[in-house]
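Two complexes are shown next, each including subunit A; its partner changes from subunit B in the first to subunit C in the second.
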Partner chain A sequence: MISLPPHAGPLERIWHYVFLLICVLVFGFLIAPLLVILPLSFNAEPYFTFTEGMLSLDPEAYSLRWYEALFDTNPNRENKWLEAIPNSLWIAACSTLLATALGTLAALGLSRSEMPFRNLIMGLLISPMIVPLIITAAGIFFFYARLNEYAELTGSFIGIVLAHTVLGTPFVVITVTATLIGFDQSLVRAGLMCGATPTRVFFKVVLPLILPGVISGALFAFVTSFDEIVVVLFVGSVEYQTIPRQMWAGIREEISPIILAVATLLICVSTLLMIAVEVLRRYNERQRGVTPG
Partner chain B sequence: MAEIAGSAQGMAAITTADGRPLAVALRHAERVKRWKAFFLVLPLLLFLGVTFLYPIALMLFRSVENPVVADNLPRTLAALESWDGEDLPDEAVFAALAADLGEARENKTFGRLATRVNQELSGTRTMIMRTARRVARFEAPFKEAVTAAHPRWSQLETWAAIARLGDRYTPIQYLAAMDLGYDVQGNIVAQPESRQIYRNLFLRTFWMSLVVTLACLVLGYPIAYLLASLQARYANLLMILVLLPFWTSLLVRTTSWIVLLQTQGVLNDLLVWLGIIGDDQRFQMIFNAQGTVVAMTQILLPFMILPLYSVMKTIPQSYMRAAQSLGAPRFYAYWRVYVPNTLPGIGAGCLLVFILAIGYYITPALVGGEDGQMISNLIAFHMQKSLNWSLAAALGGILLAGVIALYWLYNRLVGVERLKLG
Partner chain C sequence: MGKDSTRQTGTDLDAKATSYGGDAIVRFERVQKSYDGVLLVVKDLDLEVQRGEFLTLLGPSGSGKTTVLMMLAGFETATHGGIFLKGEPINNVPPHKRGIGMVFQNYALFPHMTVFENLAFPLEVRRLAKGEIQEKVRRALEMVRLGGFENRRPGQLSGGQQQRVAVARALVFEPDLVLMDEPLGALDKNLREEMQYEIKHIHENLGVSMVYVTHDQSEALTMSNRIAVFNDGRIQQLAAPDDLYERPENAFVAQFIGENNRLSGRVSHLDGTSCAVDLDDGGGRVQALAVKVAGDRARTTLSLRPERVAINPEEGAFPNVFEARVQELIYLGDHIRTRVSLCGKDDFIIKVPNAQGHAMLREGEQVRVGWALEDCRALDA
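Up next, the complex of A and B:
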């Protein structure tokens, strides 16, 4: 359909090439901002733009200085990035675990045909993705402020993990329910008839089959938490740094091109995660006998 | 189910092995199944109830809650009940005020009182602070003593404001969020032009989101069409170009737009190098509304392309061939047959992008400059800088109402279970 039929008139020919040009431009618009970051992070000068030397491909103009600064372990110099990386990873890992467990259970219930008020409950479970982050963040801020008499959640690890779990669950619910659409419920009945307990059926029959969807959902939840900044700005604390919070401060104060180095690493991480999810999706489709599309 | 029950009752003889009527047993089994399904969802429902719904309810409650004046001036408010609003209140009210302020001074809460009254009627902060500091030395008649402490106590406006703020629950913040307020007589009137901010900001948020949505549609439609009509192998490869920005951190993408568009940035350098503009004529392309729209369009574009693509995939190619073989020119067939078939995708994509756009905070905050700020940014300002939390909550309440209405529409038209990620 996209190829030009041999009988196409000149007008159609022109339109065909204009169309392809438009597509190339839009793809450029989507991807160019990411591509620009990569070489600039190797800039030897503290600028956010290409220097003369970089354009003439002078090896002197390129350096790893921003990456070295990022991973600078010299105890005499304060390096907040190095603190932020493990914090972010831990928060993301814990909230992913929670979100995946809660979301998978809920998705199992939602995909049963007997589920009462299915549409309403599904809408409710997805809503953390839809409600503006600033509202969620403000609400959680008030909530933690009220709880502070009993438990100091503001600025704490647990406080941020709980908030990020809220934001991550919709992704798990969506991906796991999508995987369960093609799930053959008679397999569960077969397992039960063979004498397995429901828990055993879940771990031996259901989970291996829906695992690709669960992992995709977990990866989405991980990225959501790993990139999250608004909630951290409201309920985090200055002492408890995360990578996005460091970046936010870096962009606002324009300190150094270290953020370009961080951005490059983050782009690499997201590329890997994206590939992982795509592979899982195709594996899942093959397994279910759906032609990959 | 009802039919089975009816016929079972009609025959009345059919029972299960343990002797119960079949209809009853079936109903029981159905109920057990429903509860089992519900119990699986329950943990997440409870979790979201506590850490998501309750906090939002708390925020909405705060937008109508107004305890400061009622807590600090209980006697004054009680004495003011019989006040006609025509002349200055009588001596009893002033005596009550002196007593209340004395107590507020002892409890050290008069600062909050002053702040709250000042939010409603600017310039009254010093009035309350000064009077509260001197109140211990006041002697009857209190009317003279209080009005001598600050002349604004002898203005009707001041007393009207205090009487109004005495209500423990009030829509006053919602009025403020729509640039409305009360006049001395208690009528709802528009704020003076110079103090109107919020209505314009809501309009601007709406307008910018609309522009972003339309830009996404115009840019996303050809891409989705291309992906849907290519062979799966190539389409999957190109899909990576759409999904990669989708997976990349929001902050990274915003950073890259700053790098590209700032006055000393890549694009301006390129234009200068090409000789299109002089070095002193660099464009201001970011830190304004246009820059915000451009960055937000790129960030939200995948949310338009994905639903469009999944709808376009399901349109059989034979439709177009049929239209053309019936004599329609290619463009006409495209416009009359293909495009109407993609309307569900257009609706889904536009609603989703619009919903996400009106709540945007990060991108406008970083690249919005003066005229690219949106409503979320003002909520953040009132939460973190001006500390007027009630007003922030009211602005949030209005934004939330808009988003919920759009989400409801999305659920009706598209169905939330059709939401796909990649």
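Up next, the complex of A and C:
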């Protein structure tokens, strides 16, 4: 925390504490809606509010029933979540793999000074981040519809994976490009002068050093795909559900607190991923001999 | 000094220089390099590197020396001309197939690998057996006096140690040719001098050919068998260090290597190897060695080393004797740097050795100074 210098005047002191208060309020505004979800997901009643029992911390008012319902495998009851979860994981995994490979290659190319039209290409690649998602989604939908006579892309696994790859690639391009700025290109030359082929130099020298950037880009791509609903609404189908789409349907049609359990799990997964990014960042700085700040 | 006066032009100097060591390992034939298709960075380069030789490319920044090294390494392509390695053209051979070792300016050690892994890398690429790799790495580290540092990371080493690892990595796969691109630039003065001797000794012990790029003339003089002085994309002179210092062939080399008094004037009488030069503004007439003068009445620059000027010489010892006035004395320990005004110039430098019984001068004193004809070289204007 910023400490006050000893020569601070009364106005500076007042501003210092007001500033701290503003910071706390901003954090609260950002985090409170997430934190509220956590206890609510253990509600014993099918409500989205805190019951009196919960407020008086009565153990009877809490239960794991929504988590049980989420993972209910009884074939007599329909549980769309059980389809949605593996769907979402598969889509996220595949689109992450594609986005990471393509984004890393693009960043490597764009970091070379002899590459023509660098800024233009960079702008095009990261445009899915900037263009409103609904426009990208609609564009993808009409594009797929045109292609449908050759390949059934709408409502299919591959269709969603490809669309999510487009959305995830900008994150990889940006993080890898940022990592490459600090990359000493003479290491590539040194590798070549050791007699290694360019491919070997890439895998043995370049990739290990930019790996933290690649992985954090991949994590962002994964989260992007995992959270994504707009494209899935356009391109997906009733038979092909993902977690966000199931949540959307859950809120509109059945209003079941299962989605609170899902939301809690998603928050946990996202938090773990972000911690992973931070750990990687520190590891990377240590490897380069920079002391972590 | 007697044999010096028989030397006249650059051609026989070059003939002596290129006869070093026998056959050439590298040959540049009329090589040109241009980055933009207009401006030539390297102009008509003809150069041979002899087997086992330590050749330094010396010059100011932008003189083309680094470009020559990069063309040899394969990171730049020659716009015109041929580059030959052991007689084979290598213009179209990529860097990793040239089999040349290289030490980079910033060492370029792989930061994610240990010292052992750095040195093993070129050997693993060549698919050597594990035991052989360990043996070669061990010997290479002993050669640079870093035995026991196998498991350190480059980030845990000092600049000098990193430098030694980089040298060991360039030599560990036993290449015939090693390139060094200003490898000592980042080190402090003492360490730099220590490393100069170390690299020189490694070169002498291994008999490997080295091409070394630097802009530091004392480094070049210390380490090299031959030095190619670059300026403006051309080799100005290619000679052994002592030749280069004592017998510069043009005004650029004279001024770039060591300290140098310059006097400009016009040739008044050219007589075979020697000439008389009338200094500008009636400064007097100087007897000089005609090294590179265009002919009678041509303009010329006289080059004279500050340590070759004698104070109060014996009568008749030198053909050139002038009156000078001491302007400034700077005490430098082993010698006293003396600035005098002479022949209408007031920035004429004389290095007076701080030897026992040597004359001590005072500022404002009037003295006679003299120098030999052979030490005063008439070069291009």
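FYI, the second predicted complex is superposed on the first by the 277 of 293 C-alpha atoms of A that agree within 3 Å, B and C clash if a C-alpha of one lies under 4 Å from a C-alpha of the other, contacts with A are read in each partner's own complex, and residues count from 1 in each chain.
In the analysis below, a residue touches a chain if its C-beta (ideal position, glycine included) is under 8 Å from a C-beta of that chain, and two chains touch if they have at least 3 such contacts.
Everything quoted here is computed from the prediction, not taken from an experiment.
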| item | value |
| --- | --- |
| Superposed partners subunit B and subunit C on subunit A - clash or fit | clash |
| Touched partner set for A:195, first subunit B, second subunit C, both or neither | second |
| Subunit B versus subunit C as contact partner of A:187, first or second or both or neither | second |
| Partner chain in contact with A:221 - subunit B first, subunit C second, else both or neither | neither |
| Which of subunit B and subunit C A:280 touches, first, second, both or neither | neither |
| Subunit B versus subunit C as contact partner of A:205, first or second or both or neither | second |
| Which partner, subunit B or subunit C, touches more subunit A residues | B |
| Subunit B clash site on subunit C (candidates 2-10, 38-46 or 92-100) | 38-46 |
| Touching both subunit B and subunit C, residues of subunit A | none |
| Subunit C partner contacts - residues on subunit A that touch it in the complex | 184, 186-187, 189-198, 200-201, 204-205, 208-209, 287-289 |
| Residue ranges of subunit B touching subunit A (in the complex, touch as defined) | 30, 33-34, 36-45, 47-48, 51-59, 62, 219-220, 222-223, 226, 229-230, 232, 236, 238, 240-260, 262, 264-266, 269, 298, 301-302, 313, 317, 320, 330, 355-356, 358-362, 366, 376, 379-380, 383-384, 389, 392-393, 396, 399-400, 403, 407, 411, 415-417, 419-422 |
| Subunit A-touching residues of subunit C, taken from the complex the two chains share | 73-75, 94-97, 99-102, 104-106, 108-112, 121-122, 125-126, 155, 169-170, 173, 179 |
| List of subunit A residues in touch with subunit B within their complex | 1-2, 12, 19, 22-23, 26-27, 29-34, 36-37, 40, 47-50, 102-103, 105-106, 108-110, 112, 114-116, 119, 121-128, 130-136, 138-143, 146, 162-163, 165-166, 169, 171, 173-175, 177-178, 216, 220, 223, 226-227, 229-230, 233-234, 244, 247-248, 251-252, 259-260, 263, 266-267, 270-271, 273-274, 277-278, 281, 291-293 |
